[in-house]
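Below you'll find the structures, each written out as structure tokens.
The two complexes that follow have chain A in common; it is paired with chain B in the first and with chain C in the second.
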Partner chain A sequence: MKRVPVGRRNLFAERRRALLGVAGVGVALLMVLALDGIFAGAMKRVTAYIDTSPADIIVSQRGVKGMHMTSSSLPLSAVEDIRRMKGVSRADPILFETNSLKSPKARALSYVIGYVPGGRGGPVTITKGRPPGPGEIVLDESAASKLGVSIGSDVSTLGRSWKVSGFTGGLTNIVNTTAFVRFDDYAAARGTTGTASYILVGAESPAGAVAREIEKETGLTALPRPEFSREEAKLVRDMSTQIMQIMTIAALLIALAVIGLTLYADTLARLREVGVMKALGTRTRRLALIVLSQAAWMAGAAMALSIVLAFALAAVMSRAASNISIEVTAVSIARVAIGAGVVAAIGAVAPLARVARVDPATVFRRQ
Partner chain B sequence: MAGTVPLSRRNILTDRRRLVISVLGVAVSIGLILLLEGLWGGLRVQVSSYEENVGANLFVGEKGVRNFLGEVSAFDSSAVDELRRRPEVKAAWPVNTRFIVLDFHDRKQAAVLVGSVPGGMGGPWKIAEGRPVEADDEVVIDRALARQHGVGLGETFEILGRRFRVVGLSSGTRAWMLGYMFVSHDASAGLLRSPGTASFILVDSEDPAATARAVREELGLQPLSPDTVAENDRRLFAGIFGGPLNLMVIIAFAAGTLIIALAVYSMTVERLREYGIVKAMGARRGRIFRIMLGQTTALAALGFVVGFGFYLAASALITYALPQFWSHVSPAVVAGVALAAGLMGFIAAFVPARRVSRLDPASVYRG
Partner chain C sequence: MDDVAIRAERLEKVFGEGDVQVRAVRGIDLEVVRGQVALIMGPSGSGKTTLLSMLGAMLRPTSGKVELDGVDLARLPESRLPDFRATRFGFVFQDFNLLSSLSALENVQFALNLAGTTGRKSRERAEALLRGFGLGHRLSFRPEKLSGGEKQRVAISRALANEPSVILADEPTANLDSKIGHEIARLLRNAATEEGRSVVIVSHDTRLKDIADRVLWLEDGEFREINEMAVDPVCGMAVERKPETPHYQYEGQTYYFCSPEDRDEFAAEPTKFIPDRG
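Our next item is the complex of A and B:
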């Protein structure tokens, strides 16, 4: 005989209550998904310059393993030393610092990268205009929009003014954007001679072995590009882990309260029916399964709602705030689903206890 | 009629367990909003700790620079001598400053490196343990940062490839997630490969306005009052963290509203017959809404009180376990969150009120 899906029917019998409950849990789960998504988006954007770079190895000052929130300075003579090494196809220096881009309308914090024209290190794509000539700068298009500048406009950074020659894309994150100028212009603006910030190296042999050789020969830090990118992402992760945990716990506690409240209210409303079922010989175990299935349905529906809301939020944010990117990942969904499952099981405890205590004789009493 | 029957209070107190679950749910939402606002308040206070405590009444930076944190300022430090020659200037000291990333026990930590002249202005303003920096291989680090990573006096670690010995622990020297690290000016110049340059000159002047004029007109540099730098740094961090934080506050607000609506709606659905009687006795829509509003605002008020307790407990726990986060809510913020709780109650009242307003009073006479 086919079983009646009592749990699901009970839950959705009072639709508005079910809707409020599912929405409450869904919104709480959305909090975790959105926060996860913001940090996943930030990590992806923070490493965008490195991830799209054609370099196989990135060489930096000893002890420096990233670009974000750090600085690196090394002797320019190391470029020639590296170029002479076996397994190295090319080595291009870049100058780098975080500075402000200023226009009459606004300011934007930016990586400013000085690269040798024709070498690696410049913008991988130019979406509009052309690469920077002398005294010119290429901006990310979302930063250009914020600054209210177009090609031919002036912006200032590194203590001088630059003319915008072109736009690139995908290099603005939650903290800063990215801008490119010529290496020589950068060095002149900063008054530096004989130094570089990083060296981007092309390898003919396996990158790991070449990087080890560079470290041995120069005393600098050399990492294959994927490893350098992982180190960069690790900074964002390590700095955000604890705040993520606090928010996740709070959001799951809210979800727990909503699930517990919905199931408890529903169980109270059906105590007579539970009594009837008990009087008809239904075992407590079967009744427990009904409550648990209600919890599972609720968590499942809320999870689906939170995923839809998270994707909608990501779409809205990409239009409203181009520096905030929300990446809803499968790992994040799985993590939140597990959390929702655990919370649903805990939320069912109070209703389960109430069901277990129901006396079948209640069915014969008048309400 | 002798008096009004306190329907709201009676309804809400009928089922204590449901009341507890509802209040806890609302309290977690309100506690989370307070915690988010508290972290935000802590960030705003901590982010400007250097500007407010270092003792300078004028900051001199590279032309166009507005922030102490985040953007790089670098200029010829010979300007220090020119400032010292001015009669109104009591003291002028160069400092170098950069964001750096350290690897502590395989965890990445961003910090603010400050290089100042031993005995001059710019170093730590409060030493909790040990002593200030005297030699070029010594470092004073923020005490909370040291505790966070298990670093003690006398220990050594690498900064940008050079080993430094911890000779002092400073207190109150945090910029939220970032901690300050103080080395000598010469050591910082070596680490940053920037001899003869300064990021800022800290000035103690008897006439800051006159000094600022001279800085701008004679030296071509940027004078900034400590208050201006502090506000600019707060704005910078607000631009970075404000979006995600406000998003979380909105979601927590929505969750709290849904919990209140769900709780009162559940109570209402179970008492539809009674509400039918109330309507049959002539209660109008306004009276019904006030009954609902009484219940929802009571839940919101209880949720606020318990939520404030949650906030105090969570805040104390976080400050103890994660000293890098400091939480601070002003009375104005508490009042704002109390208003938000009231708004939650007001919005939530519409859902059950609508259900009852559609109820046919004749239903009370049906079986």
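Our next item is the complex of A and C:
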């Protein structure tokens, strides 16, 4: 049942107009994909410290299930209590807060983590230099670059100055970075004694069961690491959802305007031909399919263009800005494709209404 | 069996109401048998377009009926009219009215698709028709790349694609030069003679009288006698020989015109419009 593809022919008959329309919609969809990708990339890095931690369970103050914009305080004595528990291989305390790193050149928002040297709370990799000694700090290399500091430079945080001893990687996102100092230095800088923020626990038995046992014995909150990571991601996502939705809707509205205007302009330019088609015996339903197929082709071509551009943008960004990573996922593509489909259908409404009103007898009127 | 393909009985069309009421077509009776070419002529505003629209099932008459192959189009529900137009009528227009984004082949295929012929079958049929009209080398050309004569041949191929009972042609030679106009007229004549189609032509072009079996004069929405007709030497239109028609005496002969402007133009330089004296 192959019919002449009138919708496609109409769309691409005027290549320049079609190209401009597809490019306009493609860029709007790219905005959605890029926003989604930036968000997905940021989410991945927001939980990077937790995800790369060798801990199986993370213990926090009762009721605390994340690190972002959160404060947790628990007695240091709990570390020993947990270490003695069955199924626990080790327990390492860390101190944590969100603070800013300052250099003479710039400042950067940072998670600052105080960990016990030789324990599990420090940086997983040291890309350059060495772990922090007394009065020293390890920075993420992207943040160091932004701050304009190198090994041996001074940065200040927690109300004092620190000498940079080394760099780690993969812990800077579009919002913040992560820095590491020694546990004792952190405690001294903050004047805290006998407390920790979190305890990173290694488990010999299944983490879920051990975590439940810790909660039962200590009255603290203990979550297996993947669950803690999910809770952290959820918190950040919940905080960002509204702004992401607003930006996505704005981009889809731009796509809608471009599709709608392009289709409507094309329909107006072809009203006489619509009359001819009706005179020849085309049903309104078939005309509707022609308009819809035109919209679908436009959205489809724009979608393909936006995917190519999104991957290109992701590649460029990974080289140009190490703190921004764009993750173009299949879920994101599917979501944007559905959005494009809806936008195309809505964009076709006005042209459809116009087409339905055309009188076939107009073909006998002189142009 | 009744050999009449299309029949109009007491066909009437009234637009508007009260003071602004216009009776565009007034009780017209018309029968066109298979294989016949009927030429309807008349001045602008005489109701030709309205009549053609009603004959082509695009406009409902106020009263009277239009029968095509025995079916009263005026009584058919709106939903059935598109299929009727697609399968029983072929349309040829003054402005060709080809779909600009489609090739010559696709324009003909499109009409076939409307009647349910799709895919390879539609392609082969369209190709055969176009080749038959000498357009084998223009199959993939879009209308903008075709000459006027080629466009009209594509339009006639499209009109014949579904083997309709009736071909309705609106000024089919108006935008064509004399030679191509003759060729198009011949094709329409052949459609009637060789394929048994009824052809109804609405035109100002007096040359089409040569191929017509019947010539009808439509004026003020009614058919009139056509025995006293003259040709306006300025525009070539057929006009009635009657006292109220603008006319001009020159060297003992009376010339008739479709408008006072044409008469004045003629009067300024008659030899320009009389071939053997120009």
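Simple rule for what comes next: the second predicted complex is superposed on the first by the 353 of 367 C-alpha atoms of A that agree within 3 Å, B and C clash if a C-alpha of one lies under 4 Å from a C-alpha of the other, contacts with A are read in each partner's own complex, and residues count from 1 in each chain.
The criterion applied here is as follows: a residue touches a chain if its C-beta (ideal position, glycine included) is under 8 Å from a C-beta of that chain, and two chains touch if they have at least 3 such contacts.
Small disclaimer: the values here were computed from a predicted structure and weren't measured.
Superposition of the two structures on chain A leaves chain B and chain C fitting side by side, clash-free. Using the contact criterion defined above for the overlaid structures, shared-chain residue A:Pro360 touches chain C, although it does not reach chain B. Contacts of A:Met277 after superposition: chain C is touched, whereas chain B is not reached.
Using the contact criterion defined above for the overlaid structures, shared-chain residue A:Ala330 touches neither chain B nor chain C, since it reaches no partner. Residue contacts after overlaying the shared chain place A:Ala250 against chain B, while chain C stays out of touching range. Rounded to the nearest 10, the angle at the Cα centre of chain A between chain B and chain C in the chain-A superposition is 90°.
In the overlay built on the shared chain, the residue A:Ala13 is in contact with chain C alone; chain B does not reach it.
The larger set of touched chain A residues comes from B, when the choice is between chain B and chain C. Taking the two complexes aligned on chain A, the least Cα distance separating chain B from chain C is 9 Å.
Those residues of chain C lying in contact with chain A across their complex are 49, 52-53, 56, 58-59, 82-87, 89, 91, 93-95, 97, 99-102, 106, 109-111, 113-115, 118-119, 142, 158, 170. Partner chain C is touched in their complex by these residues of chain A: 1-4, 6, 9-10, 12-13, 270, 272-273, 276-283, 286, 359-361, 363-367.
Chain A contributes residues 14, 16-17, 20-21, 23-24, 27-28, 30-31, 34-35, 38, 61-66, 68-74, 97-100, 102, 107, 109, 156-157, 159, 174-175, 190-192, 195, 221, 231, 234-235, 238-239, 242-243, 246-247, 250-251, 253-254, 257-258, 260-262, 264-265, 268-269, 313, 321, 323-324, 350 to its touches with chain B in the complex. Contact residues of chain B toward chain A in the complex are 15, 17-18, 21-22, 24-26, 28-29, 31-32, 35, 39, 62-67, 70-72, 74-76, 98-101, 103, 107-110, 158-162, 177, 192-194, 236, 239-240, 243-244, 247-248, 251-252, 254-256, 258-259, 261-263, 265-267, 269-270, 314, 318, 322, 325, 351, 355.
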